[in-house]
Each structure stands twice: as structure tokens, then as C-alpha cells.
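In the two complexes below, chain A is the common chain; its partner is chain B in one and chain C in the other.
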Partner chain A sequence: MLRTIASKEYRELLRDGRFRWAGGIVAGLLLVAGLAGFIAWREQAAQRDAAQATMQATWFNQPPKNPHSAAHYGLWAFKPQMPLAFVDRGVDPYAGTASWLEAHRMNEFRFRPAMDATAAQRFGEWTAAGVLQQLIPLLIILLGFSAFAGERERGTLRQLASLGVPTATLLRGKALGVTAALAVLCVPAAVIGAALVTMSSGASGLLRLGALSTVYLAYFGVILTVVLVVSAQARSARAALVTLLALWAANGLLVPRVAADVAQAAFPTPTAREFQAQVQRALATGIDGHSPRGARADALRDSVLRTNGVSSVDSLPFNYDGFAMQRGEEHANEVYAHYFAQLWDRFGQQDRAQLVGTVVAPVIAVRFLSMGIAGTDFGQHRAFAEQAEAYRQEFNRVMNHEIRDQARADESFSYQADSTLWRSIPAFTYEAPSLGHALATHTVSLTALGAWLVLAALLVRRERRIEVA
Partner chain B sequence: MTTVTPSPLLEARGLTKRYGDTLALDTLNLSVGAGEVYCLLGANGAGKSTTINCFLDFVRPDAGSAMIGGTVAAQDPIGTKRRLAYIPETVMLYSNLSALENLEYFATLATGGRPVRAELAQHLRTAGLTDTQLDQRVGGFSKGMRQKVGIAIALAKGADVLLLDEPTSGLDPKASNEFHRLLGLMRDRGAAVLMATHDLFRAKESGTRIGIMKAGRKVAELRADEIGHADLEQLYLTHMHD
Partner chain C sequence: MRELMAFEWRVLRRERTLWLVLAIFIGLGAYASASGARFTGERRAAIAELITEQCARLDSIAALMPQLDAGTDSVPSFLDPRMPAIAGRGAAAQYAILPPGPLTALSIGQADVQPFWAQVTTRTKQTFFVNDEIENPARLLAGRLDVAFVILVVFPLLVLALTFDVVAGERERGTLALVLAQPVEPRRVLGAKVGLRAILVAGMAIALSIGAAVATGLPLSDAQTVLRLIAWSGVVLLYGAFWFSVALLVNARRLSAAASAVALLGAWLLVIVVLPALAAAAISVTHPAPSRIALTTQLREATDAAAERRQDAVATFLLDHPGAASDSSARSDPFVQAVALQDAAERTMAPHYVAFDAALDAQRRAAERFRLLSPALVVQGALLDLSGSGEHRFRHYERQFDRYHETWRETFTARMLRQERLNAATLAALPAWMFVEEGWSTLGARLAPGLLILLTLVLAIGVSGWRALDLAGRTA
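Presenting the complex of A and B:
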């Protein structure tokens, strides 16, 4: 019986010119957004690889120079392109994908595409994730708003209801029919996506694609159920359409925006200028504000002289400047770690606060899950930034220790190291969090989406009686 | 020797329905047995359609019960609907589907099985559609043709109860005559038919019994073969003028 209802719905939809037009446009947009995203992704991956190789060769081929100069010369850490970043670019366009690693300072990320965006792009960039989160729900509304309300208006619901078909069966059958019609539009895009992911990233990418597809299927299931239930309850097809469009706008546009603004107001972050000022102040006076730089340097020198039983740094068995620079780095590392952790924790709090909005707008949970699975959420940006920072600290440590251990007391800044030292620094490699880890950081979103699914199932069960007139 | 009276297939017991201040049905009692055509006459708003809607469980009575085969419709709406076929004033069909596809859909849902296409086509032919019309989308069908599809649904379902709500209203005399021929066919197969109508002539011709309703109450009930056309019309008008 379920199959009969589904097959009839499917057949009717396919014969409906409105479906062919609307579906064709959305499927076209999905394909174009996916393919354009993939082409851009591939180009960026190639640019990244080329930049990484050039940077590495330049580093290795540095002429002999002082290690501290080399530390200032610096290195770049480029965030690798995650397999599904072409589906969902997440925070990358805003957070940046490359960091310049140098002595003394932890730099902010650079190369943020959002900074170079044209005015038109500020209205929103069409990505596959955008189509999946915004346009497919709109298409589901267009396909399903008249499922019951339209039948009621045409009088066929009366005929149908007289046959003794349980309401829940009718609802499930209609849901299956709309799903089949949607599959006609989405499956080709999914197959092309799977082929592209397999070509570019292999099995790990496919696993992520599977997880991403599951999340979006669950989301579409929730939307479809709400659409059918509203259609079953509405007095007319027009009322159903207006109600559903209002819900669509609330889910896709209004609530996410309000949630983001409320989260920002509840957990404000400093401006870039304020943040830099805080860091500079702490670098000068210590995190507690009571350890001025000069006093710290004096205390360090006195302590080293006392420990080694000498009266001058020139008498130490190692280069004091190299030693002191490393201690200075460690202090700066502590300051940066403290303030960046504070800032990032704030971003995390904002993300969690936004999730409150998922009570009325499931798209918020889906957005976080989509970015998480695509490897472009803030958590994974932070993971990359932390690994890049650890790499920066280690490479500075090696440079400072080279001076400490190899330079004489009078040649702190004239000592020259050669390519043996440069080559001892391994290339930066980013260990992206696993899919499991990425999902584990989004348990609230997963729970929220699960709760929406349970609610959808309950709504279907609750629909025992549909008014026929 | 004791005679066993078979329980009626359709029975209303003290059926009462109120819409706000309006009493749509007032303790209505009626019963229709197998092979009987019970015609409900009455002006608009007399309660004819509400009665049918109670049997269909589209409307829940405030008191009393509408029973099909001894089962209260409100208590087992799915089970009771399995036994009946419903033909409204205009049978509404899916305009994007052909007559055969419509019948296939409704018959599959009604029987829960997978009906044989050839048999369905035969039901449509029996109902009066031509072979060419079977595969035409019903979007362009006249009302008469749609009613024929409605009859075919009833035939395919093998329903032993027929609920007809002004099924010939607006049909031309030929189509109306054709419809009543099909109704006779269903009656001869043993179906119990309850038909709400304004058509006194057809009620007298096709009905076994006739009930006249006014303001939710059954004001008269008579056997169709015991009254002439003119007397029926006079009786009806008398009640309407009271």
C-alpha cells in the first residue's frame, strides 16, 4: 500500500511541469555549485601544494645566516584542503588558511577569501552546502505543500479517505513519493560528488561523504515531515504554502542570524585592535600585569649566573643570548597561548550559544555538522592553528638552541648556520582530526538533529485523523 | 420454524449531530439491508450528507452510532471503510493520471492487494467507458465519465455497502439513466445502497425504500413500490411546507 501511494505521488510529481522546472533549476544549481566548488578546491589545493613546495625549497636553500635571522625569515603553514571542503567551505573563507610562522609572535591567519570578496559575494556565495541547506528545503516545500491541502481542495482527499487507508500510511507513502522525486534530482549530484571525492581523496573522503549524506538525509526527512504535517493541518493549499514559506524563512534566514547576534552579544569577543593591545600589554608586563620585561630579564640573568656559579654571562658554558631568547619565546608562547585560548574558547561559547536556536531551526545543527564533517568548522581551524603554533614554537626552539649551543658569547648575532640546520626542520604536516573526533565535538548538534527526527516520527504517529473538508 | 432476520449492512441508531446551535441530525434511525437501495430525500441542509459523513467517519456524531455490518464506524473507521464505496456529487480524481491509473490506485489502496489490470479495465468498461477512454488522463473527463470511474472503483473494491451523495446531481438525463442502470447492477449483486438525492423520480425508480428528512429528522419513510410518482412528490412537498 505504501509503495502504491509513493509510486502515484512520484508519477504525479514527475508529470507536473512545476516540479520539472523547479527541480531542474535546483538540481542544476546543486551540480553547478558542486562542480564549481570542486574546480576551485582543486585549484586551491594545487596552489597550496605549489606554495608549500616553493616555501620549503626557499627555506632549505637559504644562504648561511644567523639562526635568529632565519627565525624572523620564517616559514608558512598552509592548511591542506579537506576532501569535502568543496561542498562546505565552512569558516575557511573568514578564518584564513595560511599562517606565517616567525620568531616572537603568533600571527593571525592570512589569505581570507572573504576579505577579497566582491560586493555581490557579500549577498552570499552559492556552495553545495548552501543549496542543500536552503534550496532543497524550499524545493521540498514546493513539492509537498499541497500533498494533503491540495487534495482536500480538489476533493480527492475525500475519495482517498473513504478507502480506509490509515492516515499514517498515507503520510508515509506521500513522504516516500516526494523522496523518490527528490532522489531523481539529488542522486546524480551525489554520484558525481562521490566520483570526485573518490578521485581526489579516496576511501576517507567517501566515508566523510557518507556521513555528510546521512546528515542531510535526516535534515530533509525532518523538513519533509513538517511540510506534510502542515499540509495535512492547513485549511487550504495557499495557507499551507504561506505557513511553510514563513517556517522556511525562519529556519534558513531569520533564526540563524538572530542566534549568531545573540551569541555575539552574550559572549562578546574583543576587536582585533583590542586583542593585539591585550597581547602586547601581557608581553610587556606578564599575564599577571606585574612582571615587567626588564625585571624578568634581570631575574633570569641573576638566576642563571647563580645556578652556574659565575659572575658574567660571558663566563657561561653556553651562549646566554640564545638561552635568553628561548626563555623570551617561552614567555611569549605562554602569553599567546593564554590569549588565543581565551579568544577561541569565546568562539566556542558563541557556537554553543547559537545551538540553542536549533530548538526552532534545525538548519543550525545541520550547519555545524556539515562543516564538522567537511573539516571546515571552527574546531578544526583551531586544531590547525594549534598544530601550526606548536610547529612554530619547535622551529624557534631549534633556532635558539643552535645559537645557545653553537655560538660563542661574542657572536650571538654574527654566528651563521648553514643548510644542515635548515634541513633539520621537518616540513609542517597537519594531522586533521578524524571523522569520529570531528563528530564527537558536535554531539549537541547530533543530539539536536536526532531529537528533530524523533519529533518528526511522533508527528507522523500523531496524525491519526485528517479533516477531509 | 423461526426466521432469522439478517442484521442490516447499514444502520443508524439515534444518530445526533450538532454544529453550534444547529441540530444537523436529530436522533436519526434507519437501516439498509443487502440488495436494498435506500434513498434519502430532503432539502439542502436537511442532514442527508451529514448522515453519509457519519457512516464514513468524516463526521463524529455527538450521540448515537452509525454502523456498517454491525460495527460502529467511529470505533473502527478503517475496518468499516474497507466494506464500503463512496460516490460523492462529483467523483474527484487525479487529473494527471489516466482513468485506468486512477482506478488502479484507488483499487490497490482499497483492497490492499494488487488488482489485475485486465480486470480493472473490464470494470471501467462495465461502468461505461470506452477502450480509448481507459488510457486518457481524466483531466478532460466530463462529470458523467468521472461518476463512471467512481462506479468502477466500487466494482473493483467489491464493496457490499454503497454511500452515494447526490451522485447524479448535474448529470444530463442520459448519463443519469446510465448511472442508475449501474446502481441497479450493484444492488443486484447484493450491495446495500444509501443514496442522498434531490431527484424524486430516480428515487422512486431506483429506490427500495425512501426516507424524507427535514431539519435533521426523518419525517417519513415508505417503500418505493407502494407509492406513485405524483403521490411521492405531493408527500415530499407537504413535508417541506410544514
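Presenting the complex of A and C:
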């Protein structure tokens, strides 16, 4: 019986011109979004890889110079494109793509791609993830809003009931029918997606694509349940459609924006100037604010002289400037690490606060999970920033130690090193967090989506009796 | 006619839909206004902070200078603010500030991803034109619920909710036959129904624009702001008229109320989602943004190349900048050398910069063309442009900025070569930054084509819809 109901629903949907149109449009948009995303992705990935290679070469090929000059020369770290970024660009357009690694300071990320895009693109641009998050639910609404309400209006629901069809079977059959109709669209999309992912990253991307598909299937399941339940409860097909559209607009258009505003109001971030001022203050006076730079320098020199039992830095067995610069560097590292961690943790708090909105808008949890799996969430941006910073600290350490160990007391800034030193530091590479690691940072989103699934199951179970007229 | 409209109003005001629509509209409008006011408030506070910092810094230098001259105070030479090279490179640097646009509180647009200030120094623009405001990228991704969003996306839905069943509603309730039995011309009845709804829609459009302007605290005593607000309201009216005329056309098709609702929803999806998506995809595929990453590596290579030919760079620089107090001392001055190297690198970079800007401008122009695909994009462009939060005002800022930067550099280079020392008086006379808004003629020329096309479209759809609209035919 289940099969009969499902196949009736499926055939009816496929034969309805309106749904063929709507499905065709959504499928077309998914295709356009996926392909346009892939073309841009490939272009940007190539540009980035070429630029990083050039940048690394400029570092390796520096002429002989003072190691501290080399540290000031520094190099840029460009953020690589994650394999699934063409499906879900996540925060990439808004988080900056490059950071300059230099002596003494940790720089913020620069070049947000969104700044160089046009407002028309920001309004109209759809990634494949956007289509999956917003338009497929709309399609599910169009496919399912009249499943019960329509039959009730036509009087066929009463007939079905008189045949003794159990409500649960009817509900499952209709769900299956709509799912089958949806699969006509989603399965080819997944196949094309898999082909593109294989082209971009080989088999490793397929695991992530699998995880991504699971999340979206769960999301569609939740939406479908809500649609069928509303259709079963609504007085008329028109009422069902209006209710569902209102829910859709709240889920996709309104609640995520409001949640982001509320999160910012609840956990405010400093302005760029405030942040810089905090950092400068801490650099000058220490994080505790009680050890001014001059006093720190004096204390360091005195203690070094005491431990080595000499009266002047010139008599030390190593170059004091190199030593002191590294100490200064370490202090700065500590300050930057402290304030950047504070800022990034604040973003994390805001993101978790946004997730409260999931109570009414499951799309928020799905959005975070989708970015996480695609490798484009803020957590993974932060991972890149932290690895770049570790690289910056490392080359500064090597440069300072070179001066400390190799330069005579009077040649701190005239001592010259050559490319052997520059090449002694391996090229910068980014180790992206594994899928498991990325997902582990999204337990709240996973739980929220899970809770929605449980709720959906409960709603289905509760639907024992449906008014037939 | 007025009587008929009054009857219609009595019917309409007893429907839940009207009040629901108005409640949603007012609620969202209020939220969006508050959100926009908050954004511009934060921006203004940040700008005030910058100006305070700049004044304090310049005052302290001005106070320090006479003491240094008199020898009552001393600083290391690399911090001496009287040296043009030191002052121009940071100590006396001024902020080139882009204030929030006249109506940014109504439409935040791109303002949240564009830098709004830069501390102009004698160094290359690439080193300081990078001040992104700190913002959680997840929030930027979510987008803003500002008044422009309410107008572009939600307002059409509300217009459609009010107008989808002007005729079908009466027919389905079975009252159409009764109406036709009255001794009134059907056309006049229709006119009353349509006219009343038109007044409602227009009222909503104007009320939202003016209400939001008042709620966000825009300076309504300023003529420029008021002019822009009038233009903005006109655009919103036109947009409302577009959706209204589409509804008329669908009403004329004699569909059932449910079918016309679905058809209108399809139109909404087409205009708000599908066509903009195609336009955006077309822009990003045909005109991808030029790569800042590539520019960064090119600048580095140019700088390295200049450093390898240091003497050549200095010689060329001194040829280009006659007026040095002493050529030989200039040649050995490390500050002159630094500026000369930068100059040489910039000369190598010039074609890259030109290409970058040309690509960006071409992308902007392409975006303007592709906008014409969807009325929603035309209106979005107009609203953003009028409020000053789109890409054009930013490019306008960038161009002024480039000129200011150029002047700044020339001023300091000349003084450095003449081996002048700055004093409090010269400090006060340094070129000051002043942002000038775009003129109406530029703005109008940019907006006119799209809006005229939209107006033609509205008239064509509206007139044909009104002509085809008929009460006769099937009454049940």
C-alpha cells in the first residue's frame, strides 16, 4: 500500500506542469551556481598557488643581508581554496585571504573578496549551498503543501479514510512520493557535484561531499516533515501554502539576520581601532599593564649580565641584540596571541549565540555545519591564521638566533647571512584540519539538527488522526 | 468613485490579511530602521575616535616642535617630527575618512565590507589602504536586515498578498455576481478596487521611506538628504508600482485565487532570485574581480627589482624631482633613498595598477548592464546609489583618495629634498582631507537608464493588465 501511495504522489507531481517548472528552475540554478562557483574556484586556486610559490621564492632568493632585515622583509601567507569551497564558500568572501608575516607584529587578514565584488553579486549570487539551504526547501513546500490539504478540499481524503488506509502509512507514502520527486533533481546534482569534487580534490573530497549530503538530507527530511504536518493540519491548501511560505521566509530570510544582530549585541566586538589600541598598550606596558617596555628591557639586561657574571653586554658569549630581540619578539607573540584569541573566541561566542535562532530556523545550524564540512567556516580560517602565525614566529626566531649565535657584539645589524639561512626554514604549508576535527567544533549545530530530526519524528508519530473534512 | 472606494475599504479592513500585512510591514520596518541607525551610529563613533586621535597627535607634535627647535627637548632622529620624511610617513599622517552615505542608515549595502578610512602616508597605497572594520564574518555572511532589504524582498510579498485575488476572491466567494447585478459600471467597481489597493501600496512605500528616515534620525533639515530621500521614495514607489502592475496582469488571467497566488509567487522568485542569480553568475564569470593577491606579489617583485638597482633609482628620482638643496647630500640621504626606491617600484607597478583599476571598473560597468535583467537589481542599484553605500560612491572616494595621496606625497617629497624642517605653522598648512559627494548629474546619469526602462516596463505591464482586467466572464 505504501508503494501505491508513494507512486501515486510521485506520478502526480511529475505530471504537474507547475512542479516541472519549479523543479527545472531550481535544478538550473543549482547547476549555474555549482558551475559558476567551480569556474571561479579553479581560477582563484590557481592564482593563489602561483602567488604563494612566487612569494616563497622571493624569500628563499633574498640576497645576502642582515637576518633582521630578512625578518622585516617577511613574506605573505595566502589562504588556499578548500576543495569544497565551490559548493559552500562559507565565510571566505568575508574573512580576508592574505596575511603579511613580518617581524614584530602579527597582522590582520586583508583582502576580503566581498569588497571587490559588486552589490549586485552580493544580492544575487547563489552558491550551491545557498540553493540547497533556501530554494530546495521552497521546492519541497511547493511539492508538498497540498498533499493533505488538497485531497481534503477535493474530498478524496474522506474516501481514502473509508478504505481503511492507516494515517501513518498515508503520511509515509506521501513523504516517500515527494522524496522520489525530489530525488529526480537531487541525485543528478549529487553526481555532478561528485564529478566536480573528484576533479578538484580527488577521493578525499568525496568523504566530505558524503558528509555534506547527509547534513542536507537530514535538513530536507525536517523540512518535508514540517510541510506534510502543516498540510495535514491546515484548513485549506491556501492556508497551508501561506503558513509554509511564512515559515520559509522566517527560516531563510529573517531569523538568520536577526540572530546575527542579536549575537553581536550580546557579545560585542571591539572596533578595529580599539583593538589596535589595546594591542599597542599591551605591547608597551605588558598584558598586565604594569611592566613598561623600558623597565622590562633594563630588567632583562641586568638579569642576563648577572647570570653570565659579566658587567657589559659586549663581554657576553653571544650577541645580546639578537637575544634581546627574540625576547621582545616572544613578548609581542604573547600579546598578539592573547588579543587575537580573545577576539576569535568572541566570534565563536557570537556564532554559538546565533545558533539559538536554530530553535525557529534550522537553516542556521545547517549553514554552520555546511561551512564546517566544506572547510570554509571561521574555525578553519582561524586554523590557517594560527599556522601562518606559527610560521611567522618560527622564522623570526631563526633570524634572531642567527644574530645571537653568529654575529659579533658590534655587528648586530651589519652581520650578513645568505640564502643558506633563508632556505633552512621549510616553505610554508597549510595543514587543513581533518573532517572529524572540523565537525567536532560544530557539536552544537549537530545536536540542534539532531534535535530537529527527533522533533520531526515525534511530529510524524503524533499525526495519528487527520481531519478528513 | 469615492463612495465605491469607501465600500471597498470597509470590506478590506475587515479582512485579517490587511492587518497582518501591515503589522509585519511596520514590525520589520521598525527593526530595520533600528538596525541601520545602529550601524551608522557605530560608524560615526569610530570616525569621531579617529579624528580625536588625529587632533591629539597633531597637537602634541605642534607642541613638541618649538621645544625641539629650542633644544629644551630631544627625540631620536628617526622620530623627529620636524623631518618631512618622518612626519609624512606617519607622525603627521592624516585620516582620509569616508563618512557614511547620506542614507546609509536605510541601506547598509556594501558599506560593511568596504574600508571607510585610511591613514594617508607617503608610503604606497597598498600598505595602508587595508582597514577593514572588525566584524564577525559569519554576520557579514548572514547579511543585514536593513530597510532596503525589507523593500526589495519583503515589500513585494506584501503587495502581492494584498492584490492576488482582487477579482478571483469575489468570484470564489460568489459575490461577483451580486456586484455585477448592481447598477454600477463594472469598470468603476474595478477602478475602486484597484485604486484603493494602489493607494495602500503607495502609502506603504512612502510611509516606510519617510518613517524609516525619521526613525533612523536622518538630518531632515539638510536639503541634500531630503532630495535624496525624495528620490529614494520615488524609486520605492516605482518598485511598488511594478509589483502592483504584475499583480494586475495576473488578475486579468482569470485564474483561481490559489493559482494566481502561485503564479505571483513564481514571478517573485523569478525577479528576486532567478534573474539576479543569473546576473551575478554572468558578472563573476565574465568579469571576475582582479586579484589583489597577484598585485601583492607583483609589488614585491617590483620593490626587489628597484632595490637591486638602488643607485639608478636614486638618480632617476633626483632627475624627476629637481629642486634638491644639494644633490650629493640627497644621494646619500637614507630617507631620499627609501622614497626613490618606492618611486621606482611604483613606476614598475603603474601599469599593473592601471590594469587592476580598469578591470574593477569594467566589472562595475558589466554589473550595471546585467542589473537590467531584473527590476529588483535595478531598484537595488538605485537605492544603494542614492543612499551612498554601493560601489560607485566608494570608487568616487578612492579616486579622491588617490589624488589626495598624490598631493601628500608631492608636498613631503619637495620639502624633504629642500631639506626643510617642519614647524607648527607648516604643520597646520598641510593638505587637509575633504570628501566631496558625487554630484546629482553623475548620479542621475547612472540611475536614469535603468529607472526609465523600469518605468516603461511598469507602464506597459500596468496598462495591458488594466485593459485585460475584466469583471465579466465566468462569475462562478
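Going forward, the second predicted complex is superposed on the first by the 467 of 469 C-alpha atoms of A that agree within 3 Å, B and C clash if a C-alpha of one lies under 4 Å from a C-alpha of the other, contacts with A are read in each partner's own complex, and residues count from 1 in each chain.
Please note the rule applied: a contact is a pair of C-beta atoms (placed from the backbone, for glycine too) under 8 Å apart; a residue touches a chain by one contact, two chains touch by 3 or more.
Because the structure is predicted, anything quoted here is derived from the model rather than measured.
Student: Superposed on chain A, are chain B and chain C clashing or fitting side by side?
Tutor: Pair status: fit.
Student: With the two complexes superposed on chain A, say which partner A:Val32 touches: chain B (first), chain C (second), both, or neither.
Tutor: After superposition on chain A, A:Val32 lies in contact with chain C alone.
Student: Once the structures are superposed on A, label A:Arg257 by its partner contacts, choosing first (chain B), second (chain C), both or neither.
Tutor: After superposition on chain A, A:Arg257 lies in contact with chain C alone.
Student: Which of the two, chain B or chain C, is in touch with more residues of chain A?
Tutor: C
Student: Go through the superposed model and pick first if A:Leu163 touches only chain B, second if only chain C, both, or neither.
Tutor: first
Student: In the superposed arrangement, does A:Leu241 touch chain B (first), chain C (second), both or neither?
Tutor: In the superposed model, A:Leu241 contacts chain C only, not chain B.
Student: Figure out whether A:Met1 sits in contact with chain B (first) or chain C (second), or with both, or with neither.
Tutor: first
Student: With both complexes superposed on chain A, which partner does A:Glu108 reach: first (chain B), second (chain C), both or neither?
Tutor: second
Student: After superposition on the shared chain, which partner residues are touched by A:Arg48: those of chain B (first), chain C (second), both, or neither?
Tutor: So A:Arg48 only meets chain C here.
Student: Quick check on the superposed pair: does A:Trp422 touch chain B, chain C, both, or neither? Answer first, second, both or neither.
Tutor: So A:Trp422 meets neither chain B nor chain C here.
Student: Check the residue A:Asp16 against both partner chains and state whether it touches chain B (first), chain C (second), both, or neither.
Tutor: Touch status of A:Asp16: first partner only.
Student: Chain B to chain C: minimum CA distance in the overlay, Å?
Tutor: Minimum C-alpha separation, chain B to chain C, in the superposed model is 16 Å.
Student: Under the touch definition given earlier, write down the residues of chain C that touch chain A in their complex.
Tutor: Its residues touching chain A are 28, 31, 35, 42, 45-46, 49-50, 53, 109-110, 113-115, 130-145, 149, 152-154, 157, 257-258, 261-262, 265-266, 269, 273-281, 283-285, 288-294, 296-297, 300-301, 304, 308, 360, 363-364, 367, 370-371, 374, 376-377, 380-381, 384, 390-391.
Student: Please give the residue numbers of chain A that touch chain B in the complex, ascending.
Tutor: Interface residues on the chain A side: 1, 4-5, 8, 11-12, 15-16, 154-156, 158-166, 468-469.
Student: Give the list of chain B residues in touch with chain A in this complex.
Tutor: 56, 58, 77-82, 84-86, 88, 90-94, 96-97, 101, 105-106, 108-110, 112, 157, 163
Student: Flag every residue of chain A that touches chain C in the complex, lowest number first.
Tutor: Touch list, chain A to chain C: 18, 21-22, 25, 29, 32-33, 36, 39-40, 43-44, 47-48, 50-51, 54-55, 58, 63, 76, 78, 90-91, 93-98, 108, 110-126, 135, 138, 142, 237-238, 241, 245, 249, 253-254, 256-261, 263-264, 269-275, 343, 346-347, 350-351, 354, 367-368, 378, 381.
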